[in-house]
Amino acid sequence: MANSRFEYVKLFERENFLLPETHIVIRVDGRGFHKLSAKYSFAKPNDLGALELMNRTAQKLMDQMPDISLAYGDSDEYSFLLRKGCGLFERREAKLITTFASTFTAYYQFYWPQYMKQPLEEDRLPTFDARAVVYPSEPTVRDYFAWRQVDCHINNLYNTTFWSLVEGGMTPKEAENELIGTLAADKNEILFQRFGINYNNEPALYKKGTVLIRGPIFEDADGQRDKSKRQQERQEKKMKKRPIVERHIDIIGASFWDGEKEEKKQESKEEVAGEKL
Amino acid sequence: MANSRFEYVKLFERENFLLPETHIVIRVDGRGFHKLSAKYSFAKPNDLGALELMNRTAQKLMDQMPDISLAYGDSDEYSFLLRKGCGLFERREAKLITTFASTFTAYYQFYWPQYMKQPLEEDRLPTFDARAVVYPSEPTVRDYFAWRQVDCHINNLYNTTFWSLVEGGMTPKEAENELIGTLAADKNEILFQRFGINYNNEPALYKKGTVLIRGPIFEDADGQRDKSKRQQERQEKKMKKRPIVERHIDIIGASFWDGEKEEKKQESKEEVAGEKL
Amino acid sequence: MANSRFEYVKLFERENFLLPETHIVIRVDGRGFHKLSAKYSFAKPNDLGALELMNRTAQKLMDQMPDISLAYGDSDEYSFLLRKGCGLFERREAKLITTFASTFTAYYQFYWPQYMKQPLEEDRLPTFDARAVVYPSEPTVRDYFAWRQVDCHINNLYNTTFWSLVEGGMTPKEAENELIGTLAADKNEILFQRFGINYNNEPALYKKGTVLIRGPIFEDADGQRDKSKRQQERQEKKMKKRPIVERHIDIIGASFWDGEKEEKKQESKEEVAGEKL
Amino acid sequence: MANSRFEYVKLFERENFLLPETHIVIRVDGRGFHKLSAKYSFAKPNDLGALELMNRTAQKLMDQMPDISLAYGDSDEYSFLLRKGCGLFERREAKLITTFASTFTAYYQFYWPQYMKQPLEEDRLPTFDARAVVYPSEPTVRDYFAWRQVDCHINNLYNTTFWSLVEGGMTPKEAENELIGTLAADKNEILFQRFGINYNNEPALYKKGTVLIRGPIFEDADGQRDKSKRQQERQEKKMKKRPIVERHIDIIGASFWDGEKEEKKQESKEEVAGEKL
């Protein structure tokens, strides 16, 4: 089969097959979005168009990859959960993460004109990197997503306060100093007292980020262990047919994970995840 | 520093730092380009616009990454050689390959309208995956690039003959059968006898693929071993300033690697890499 | 801190930290025991002294490593299960497997004179290699141990029949041919019809191998996730105090794993794991 | 081929094949030798018997593994260099390091009575762990071994001074304090002024450690790249026949690596590797 005496160089390739029967999470992350958002004049602290562009891109990716059962995103990042029995690319790490990174990048650029006013410029194209992390159990998966949403909350509360101070006349440096050592309660207080902003009334999209759900999150609980190839394919088809639902809800509390019946209750209830977490 | 009790989930992340003082090669590869080239009606066996688009994209990537000293591409793939002392992203594999995959994808899409007639359609965007391979020595690096160019030669000779047969009236199936078991000499013969094509006169771009060179390939021979941070930065700056030169020449023989003086001689000489290799 | 300019060579070291919150299994395996057992005239198909020596060695290792909750061994191999929250050597793979391999080797040699008649000779010392495998869930751990015990059963039934044929006058080659294509039932039949051996009455030590148990196998179910360092140490102390119990029972069926109450029932019941598994 | 439905558990095994055409170094290290040397009353700062036992053990290991071209040891550690083209165990890391750890442990115990007076006790058997590190080039290999010898020098000078102070009447704590912040020159001075010891006249075994050499160190320079299986075997046989030579010489300077002619010159010359390195 060897085409030439150089073929031996393939022996230097290394392949990392992600551990079977574990939950793969792939997180896609904007590269240099601090500078990029300045360049394209993103609104601060949140640019609605940019967030909707992220969500549209993530939806499309999820659409093309039926193995994704859940996604969560905020700011310039998105995390995708693959079902436990997922055999995509034989679970080869390099293939998985480069495919996610490049597909996300492709759709982000493709949809850009639909959401953003400024055209893209050759020397500052948006790109994304990606990493895969493997979690062995449902509780660890839940904690992963909780970690991301707590992060969203902390950043958004900070940014909302910071940009209010700046719009209120402070220099960025002064605003930064003002916020050093403040707790969540202090920031809420600053927003309310000085700017009449009740943080609880901020849009859920900004406070909670975005959850994309396709059917029962852990349905595939038995993984490949007990499944024939045919059962695997049936599972994929089943997932492909399911609609993807977008939500801006709390995923830290148990109710999100314990059943969809709880879902509506949750959306009305404002359970802010705070620094006390 | 921990923002929440969920922070422990970071402990599941694994990082692969590519071995220091080795030559990293990153190969970017089109995903599903067989279907994609049919969808967008690429000319067969070679689409000049699509190849120029690949080269333009690779040039831009090389432009942005001063650590690349050499690149070689043909068809829908491109290989990039990083200098031995390269410390980009601390040599973290995931970061390197996802950045290359997404940056290549971004520029390929961005430049598409300049080279291709059909506009891109939402459900078939071009994307690329990527892998990194580490080579410990210059001879193994040379053999890697020779391997890719031999592959280019074999594929192009086959495709040129195959599509000549098809244009000559055969069905694809008949053409395939005609070529089973043929050697390079047989294909040259078919081309010449039946279609009056002298394969040696085919464009070098098709026969040899494309080489992008930035200065001495292995100049950085001592790697990080003997270099201070400041020397590293100086090296990067130096590389950044150098112009990138595009060639369609033989990189299998020693002369390419042994010095630029030899370069011109080589270009005139038609040293076809054949199956005898 | 650097003692010399050579210190940079440490950068080439790579460490594999086994995934947290997973069940580590370390399997220790005799090197070249086919030749070694011939050299030291082990009884065939089973050498009681050699098996007791394995068990004594495994007991001692388990004694010294409180993180082991279960071990299973037969022939020249032993598998050790570490509790999920185990932080031994920070879960560094190289440290774990070389420590297990060398400690097992040390005690095997040390106890050798107590169990074996022939003294060890310089050019054929018994040594063991080791590997670590990580399982994400209790069902996969159970299946791992079932796999080893099924293997023990298949090998022992084969060996018992083979050596009966040889003792009955066949050459090893003839015995081998006689057994080609036979099922478990055929071998049982050969043993009973030709040699009056009821395989079910063979010693459980030979048929089932040996299980070493220290308290509830999966007690540590929550792993490090919810545990402080102090709780970890308390857990270790607790495990250290527990006596290690040796059994020769079925670990394929659910009853072994589902509770100790079942244990006695199981020992009397002869539930042979067969090829039908 | 599957014996049972449990066979799938093998899919969880991961194998790390060390990069081809690189120099593998395996370092074997005594576990808990601080306590062990106290338990068995090793002489301080150096126990001649214990060092000779280490050397004898390493010789035997080297004898059994023809792929080792060089070894260096001091105190309770030994580093082994495998030739670049080495295909032992297909370069599987786990197999290599556990085999080295257990074989070293086995022979250390086996030879113990020939070198040491106290018999081994059950609860404190000597064991060794091991790690493999891969170096891409000859200069990095040289620097690795230089690193170990500098370490030997620094430790031995410290220990010699420390134990002289203790024998001179200080408590260990007082001796430790006395040495804080001292340079090599200071320690040489203490030894000479207070105890009449000229460190240069200390035995080379203590100052330099031990080098075991089998023929030209890097003879196998071309590795597997250009070698057929038969050539590989011939290489192994050739190495097996070569005698192993023990030396206590400087391996930091270039002369050791640049040719054996230089060897004798070096042995007479007292080129102490100091903190100036």
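A, B, C and D are the chain letters, set down in written order, and residue numbers restart from 1 in every chain.
Basically, a residue touches a chain if its C-beta (ideal position, glycine included) is under 8 Å from a C-beta of that chain, and two chains touch if they have at least 3 such contacts.
Here the structure is a predicted model, which means the values were calculated and not measured.
Each chain gets a centre from the mean of its Cα atoms; the one farthest from the centre of chain C is B. The chain pair with more C-beta contacts between its two chains, of A-B and B-D, is A-B.
As a whole-number value, the distance joining the C-alpha centres of chain A and chain B reads 32 Å.
With each centre defined as the average position of its C-alpha atoms, the distance from chain B to chain D rounds to 44 Å. Shared interface positions of chain D, i.e. residues touching 2 or more other chains, are given as 8, 12, 14, 19, 21, 134, 140, 143, 225.
For chain A in complex with chain D, the residues that touch the partner chain are 8, 11-12, 14, 17, 19-21, 224-225. Considering their complex, residues 3-10, 12-14, 16, 31, 93-95, 97-107, 109-110, 120, 122, 125-135, 140, 143-144, 146-147, 150-151, 154, 275, 277 of chain B touch chain A.
Across the complex, chain B meets chain D through its residues 19, 21-22, 134, 136-137, 139-140, 143, 225.
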